[in-house]
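The same chain A turns up in both complexes below, where it pairs with chain B and then with chain C.
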Partner chain A sequence: MNDASASTGTGTRPILDIRDLCISYFTRAGEIPAVVDFSLKLAPGESVGLVGESGCGKSTVAMAIMRYLGTNGGIVGGSIEFDGRDLTTMAEEDLRRIRGSEIAMIYQEPMAALNPSMRIGRQLMEVPLFHENVSEAEAEKRAIAMLEDVNLPDAERVMEAYPHQISGGQQQRVVIAMALLSNPKLLLLDEPTTALDVTVEAGIVELIADISKKFGTSMLYISHNLGLILETCDRVCVMYSGEVVEEGTVNEVFDRMRHPYTHGLFNAIPLPTADKNSRPLVAIRGQLPLPHQRPPGCFFGPRCDFFVEGRCDAQPIPMTGMTSPTHRVRCIRWEEIDWDNYAPDRKEREPHPPGEIVLQVEAMRKYYPVHDDSLLAIFRGDTTRQVKANESLSFSARKQETVAIVGESGCGKSTFAKVLTGLETATDGKIIFGNTDIGQIAVGDRTEGQLSSLQMVFQNPNDTLNPSQTVGSQIARVIRKFGVESDPDKIHDRVMRLLDLVKLPRDFALRRPRQLSGGQKQRIGIARAFAGNPSMVIADEPVSALDVSVQAAVTDLLMDIQEEFGTTLLFISHDLSVVRYLADRIVVMYLGQIMERGSTDEVFSPPYHPYTEALLSAVPIADTRVEKKRIVLEGQLPSVLNPPKGCPFHTRCPRKIGAICENERPPVHDVSDQHKIACHIPLDELKAVEPVFRLASDAPSAA
Partner chain B sequence: MTVFIAKRFGFMILTMIIVSLLLFLLLEYSPGSVATKVLGPYSSEEQRQLWLEAHGYMQPIYVRYFDWLFNFATGDFGESVRFKVPVADVLWSRLANTAILGGFVFAIMIPLSLTLGVLAGMREGSKLDRTISVTSIVTTSLPEFASAVLLSAIFVFGLGLLPGTSGMSRGWNIQEMILPTMVLVLYDFGYVARMTRASMAEVMTTHYIRTAILKGLPYKTVIMKHALRNAMIAPFTVIMLQINWLLSGVIVVEYFFAYKGFGALLLEASLNQDIFMIEACAMIAVFVAVVTQTLADIGYTYLNPRIRFS
Partner chain C sequence: MVDETLDPVANRRVPFIVTALKSFLLLRESWVGMIGAAIVIFWVLVAILAPLLAPFDPLATLAPLQKPGAVGPDGAIFWLGTDQIGRDILSRIIYGCRTVLIYAPLATLCAYTVGILMGLTAGYKGGVWDEVLSRTSDIILSFPVLVLYVIIIATIGASGTNIIIAITFASAPGIMRIVRGLTLDLRNRDYVAAAQTRGEPTWRILLVEILPNARGPLIVDACLRLGYVTITIGVLGFLGLGLPPPDPDWGSMIADTRQFALVFPHMSLFPSIAISSLVLGLNLLADGLREISLRD
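Moving on to the complex of A and B:
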């Protein structure tokens, strides 16, 4: 696949040729240059990845190719040549003929991208109807054929459905089908799997790879996830603050990266080689500059370890070619920096032995009654059904330990957090926390001590802080409420110390949440959770809403605080890379039940539960040396209202052994003292399974 | 869906019963005063007592309520104190007059305000949008009595084109309908237009409209096929509420133009303590309100498949 990229410089005409593109938004505050200098050539059949953190301008580039920049955005310089025609000067009507027929787009949130009040069939049929003037019957035939091409079972039913009636993964397949219906020459994919579950993502990624082979479509794949780019693209462009800082083939950029920012990104993501104690992640310091606050010279200068005054900030930095014709970098010091002997400042930690048991969950169940108002149910006289959100969960967490609960959406991990915090009460079983069974105590009935010792860090920091109060007063309120301090001076003192703890300047106490970045808000969320000296903190996807480089810093902060206070961390996440990096022990859940639990090393190596194996295989890894077994789960996640009998995973299990899986609850194998697997397959057979990951060759880097 | 509609109708009937009970208690749970209202202040105590007995007021309260409800359901609203004829004789013709006026207003206002709202909302911030928005604010801020005076001054006294009253004294005449209709349309269209505009503008920023545009659909198709239906969901409830308003909220206009409508009747009945008339008018108004809201709920689920198939 990689030889396609060599053609960019030679004979064949590129399908897309972007030169010196500049895009600005015009607001009351003036012109905001979102993209300052962007060039890209895309050969027919080639796929190029565009990576970068939010605000770097990667989506703006895609929208500019579609010439859809809203009323206040505009292309202020450069050209976008598509198949020999300049899109920047094209008339609206000619543009319309190209949109959706020659250039098609796949969007981040499939649910939002589909019209909620129009049947899917009609939305698909519009493409051939308007671009090729075919008959209704022909359009319908093509739409059904395309739905089958994107592996949607029961295409006729999907045609009749409204978008909300199908799952997120199916919606994305519909969007992909819509984009492919006119057989486009160029496909723009804007974070096509970010809103999806990891096993669903794996299926979509496989589909996209098949498409590029089958239809020979050129693809521009926008993502913040380097692992996905590795799996889908031939070449990659790394963007930073409105410009490309490094480009090259996937192997060049992933193995021989030259730009300090690219290096920073790779050091910040939890690759399998990272380890929280011996090889911790390194965050990129500072923040992405706002478009109107970019420094002179190199935009990355203020955050770069190799910054040299007078050289890096003297004049705009051009892209420079290197030894390979395809590899270029925007750094004037690329030849001087000795990356082989560069070791970033890593702060190593001492591994700590687990302490006494803090939390003990015993056969906890949480059922929700659901009312069914359909005529059939009324006729049967059976209008309440039980949703079994949590089915006999048992595990424990020790002092200063990080226990991760992983699973896809709907697996019951958030329900568990709700029961733990008292927002819901358990239906059955025990949750022993600090010698008391808190499973039946609702949050309103808990004592101050119970409340303050069990706190939570939430997923989206933007929604969890009150926008109309200063962050200082929000932290102070928690301190007062929990009775930690009552004297105003002491409260103030404590707020200041908490800000120090989360490494924010003290004057941030007077700021309001909107004056803070996402990462800073999450630090406030952490300070708030730790205000009452909790012995246990539940972190519900605390970094999934943050950018890669910020993620590393927030993860690091959480671990620092945990170490300082000896807090137990219950880490709820769907991101196995982060979990592998952070957790001491892992609980894998599926449809409300525990499939496997054990120490991180035990869960990440055989014997696996077949579901764990599939989950691990679905994680994209941004390391060219890692070889992965490919397991793509078939079928849909069953509804919790109507879970499968026997083993809940049997409907999608690639290792299903027979009727026993459908009828009987799986037995729990005790692999070791703490490693348990609930599966019908004999343990010896599970032990014989190959590991999911294998490092291709060089052992030293696997340290 | 069937369950949903059955539920809505059940709820509608329940509302009607509760309102009727309240109304009955409020207006009749003072037998003495009812007799006074009916027979006038100069009637003797004996006369009142005889009247009360003759009309069943000595029976237990629930018997009287059910009698009253039964009479109501069969169209017997009692006798009007003021007009000295059965309430039904006056009520139906007045209601018909108001329905005609309301129909005129509706037929003009709804297409006008929806068109203007959609035009304004589909390109938010454009000149057309600003013009429509300012116009609709100005007309909606102008009270009916003010615009009635203004329009009369122009068309009746200035240009002499239209009659100044709409009493229909020489039979039904379309010319006499023009001014009341104009005043009501002018007052109300801005409200609905602004609701539509806001809803349309919001829909235009959604991702599915972006999808439709980037699919290469002509702009007209994007608006007509993708935006319109979604943009109608929010204003639909407001439009249905206008029916209530046109029934009982147009007293000022009916009074101003001496139009013999339902609103004017309600006012007259209240001023004269015409108790059975008030009861009948109130029940009709409530009935219309409940029916339109039920229709609104059903129509809403039709427009929004997410509710229909949840």
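Moving on to the complex of A and C:
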């Protein structure tokens, strides 16, 4: 794939040539420079990844290529040449002809790109009908062929369906098919898989990686996920605060990165091949500067460990070429920094021995009755059905331990959190927490002690805090409610100490949530959860909505506080990399049932449950040294309303052994006293499975 | 200074008046809102300063059927003329302003209190509560508003309190619908879940976690509704269902003089202008507030 990138700049004319592009938004506060000095060349058939954190301007670049900057945005300098024509000066009329036919864009939310009231077939056929004036029959033929090209089985059925009748992964495939139908020269992908589940994402990524080979389309792939870039692109541009800081082929940037920011990014992401004790994360300190408050000189200066006053902040830093013609970096000190011997201060963590059992879940079930009032159901005399959100969950958590519950959306992990906190009550089974069974006690009937000892950290930073109250008063409320302190001065003191604990300045107590960044809000959410001295905290995807550099800091903070208070942490997540990093034990769930549980090392190495194996192989890894097995799951997640009989995973299982999987519940193999796998496949056979990850240098046996 | 930087939280509370003023200053961004605010403030000042501004006693019979600008018996000028029984129209408008500006906000406030309580309960509790409250308000909303007013006032009699009751009864269902919709969205927020897992009582979740975060759309709606209520009070006065005479009331001023409207148009023209300008002011203010709330 790298020969394509070698031709960049010389030889063939680039399909896209962006030179010194500057984009600004004009607001009440004045001009906000979103992108300053962005240059990029894209050769025909080449795919380039644009990576950076939110607010770095990567989506603005994509919008500028489409000239969709809105009324208050504008290109203030530079040029965007597409196939030899300058898009910045092109008339509206000509632009419209290019959009959708020569440049196509794929967004994060597939449902937003599809018209909900039109059949998919019609929407697809419109593309050739509109752009190429072909006949109806021809358009239909092309649409079906394209649906088959994007690996949608049963293309004829999909053609007849409305968008809401197919799953999210299928919708995104339809959007990709629609984009490719016009045979575009350039495809812009803006986080096309962020809204999808990992196993679904893996399939889409495989498809995207194939596009340029199959269709000769050039791609600009925008993502915050370095692992995805590695799997789909030839070259990569790393953006920071409106400019490119490093660019090169994927191998150059991933193996010989030279910009301190790129280094920081790589150090901040957890890898599923390493845990907290062997490779502690290092967060990038500070925050992304606001576009109108960028520092002089190097924009990364204030957050950089190698900042030299008088040199780095003297004048704007230009991109400099390096030994390889394709690798360029925006750092004046790139030759001086000794990256091979650079070791950032990593905090060493001691593994701690597990304490006594705090939480014991025994055969817990949660069923929701669903009322079906349709005539047919009334006719059949069957108007209530059960959604089996949790089916016979059993596991335990010990003091100071981190137990992760892993699974894709709809696996019942959030339902379990609701039952645990008492927002719902269990249908059957026991949840023993601190010597009492709280499974049947709703939140209103719990004692103050039960309430305060079980608190929660939520997923969405923008939703976790009440926007109309100051941050301080929200933390103070918890302290007062649980009677930790009653004297106003002492409450105030404790709020201050909690702010110190989550490493935020004390004057944040007076701020309102909208004045805080996402990571800061999440820290306040953590402070609030720990304010009542809980013995157990449930964290429901606490970092999944945050940027990578912030994720590392918040994850570390959570672990620090947990260690300090000896709290048990129940970490709910879909991200196996984060889970590997911080969990002691893992519970893998699928459709409300536990497929596998065990210590982190046990779950991450064979024997695997076939579902765990597929989950692991779906994780994008930003490390060129890691080789992994490719397992792409067929089909889609079955509905919880109508779960498959027998083993819930048999409809998608690549290792299905026969009718027994469809009819009988799988037996539980005891691999060790903690490691359990529910599968029909004999344990010896599972043990013989090769590990999913392998370091390129390792021998296959070492795992 | 030093103390402040060390512990800025020591002076904990920012006075309410400061935040209120600050949000009012935001209105500068919208000239529509500024005009609206100016008109409303003008009428509020007129109501407060009525005894100083009014040249005559609004109830005194001076000289009947005088045209605007006519000179009165003791040399004073009837700027807007007099009505059929000789009362000064300007003074009556000035005093009538008090009636409107007391009863309209009071009635709106009552309607909001009832509507908010109903909406919060229906939206948060759901189920049977929602069914009962929503259906009840559907029934009320299915009546033509005017018919509803006539029925209520005719039954319980015309008085200030009864006007408030009638307006509350007729407007609360509409407010309830807005609040219910906002509550349905807000009750799924994580901070509400956080309050629930803390075991907060329902009333506290409703009043502290949900209601304050619904205030944006509610404030805009309240301004608009204040305008409608002003019209309503005028209409009730016109229909003879308003305040009992002889108190000056814009609506009854128009009603009483309508048979003279062709010969002496000023008698009904000026009270009409008064009503429409106040309603216009309130609507412009609402537009301005909406414009600002959409911008941030």
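Points to keep in mind about this one:
Going forward, the second predicted complex is superposed on the first by the 693 of 703 C-alpha atoms of A that agree within 3 Å, B and C clash if a C-alpha of one lies under 4 Å from a C-alpha of the other, contacts with A are read in each partner's own complex, and residues count from 1 in each chain.
By our rule, a contact is a pair of C-beta atoms (placed from the backbone, for glycine too) under 8 Å apart; a residue touches a chain by one contact, two chains touch by 3 or more.
As the structure is a computational prediction, the values presented were derived from the model and not from experiment.
Of the two partner chains, chain B is the only one that A:Y68 touches; chain C does not reach it. By the touch criterion defined above, A:T194 reaches neither chain B nor chain C. Shared-chain residue A:Q287: touches no atom of chain B or chain C. In the superposed model, A:H131 lies in contact with chain B only, and not with chain C.
Of the two partner chains, chain B is the only one touched by A:A113; chain C is not.
In the overlay built on the shared chain, the residue A:L510 is in contact with chain C alone; chain B does not reach it. By the touch criterion defined above, A:Q165 reaches chain B but does not reach chain C. In the superposition on chain A, A:G100 makes contact with chain B only, while chain C stays out of contact range. Chain A meets chain B in the complex at residues 66, 68, 71, 96-101, 104-105, 107, 109, 112-118, 126-127, 130-131, 162, 164-165, 175, 178, 373-375, 378. Put simply, chain C touches chain A in their complex at residues 7-9, 12, 29, 189-191, 193-194, 196-200, 208-209, 212-213, 215, 295.
Chain B meets chain A in the complex at residues 2-3, 125, 206-208, 210-218, 221, 225-226, 229-230, 233, 303-306, 309-310.
The touching residues of chain A, counted against chain C in their complex, run 28, 421-423, 443-444, 446, 448, 451, 454-456, 458-460, 463-469, 472, 474, 477-478, 481-482, 492, 495-496, 506-507, 509-510, 525, 528, 532.
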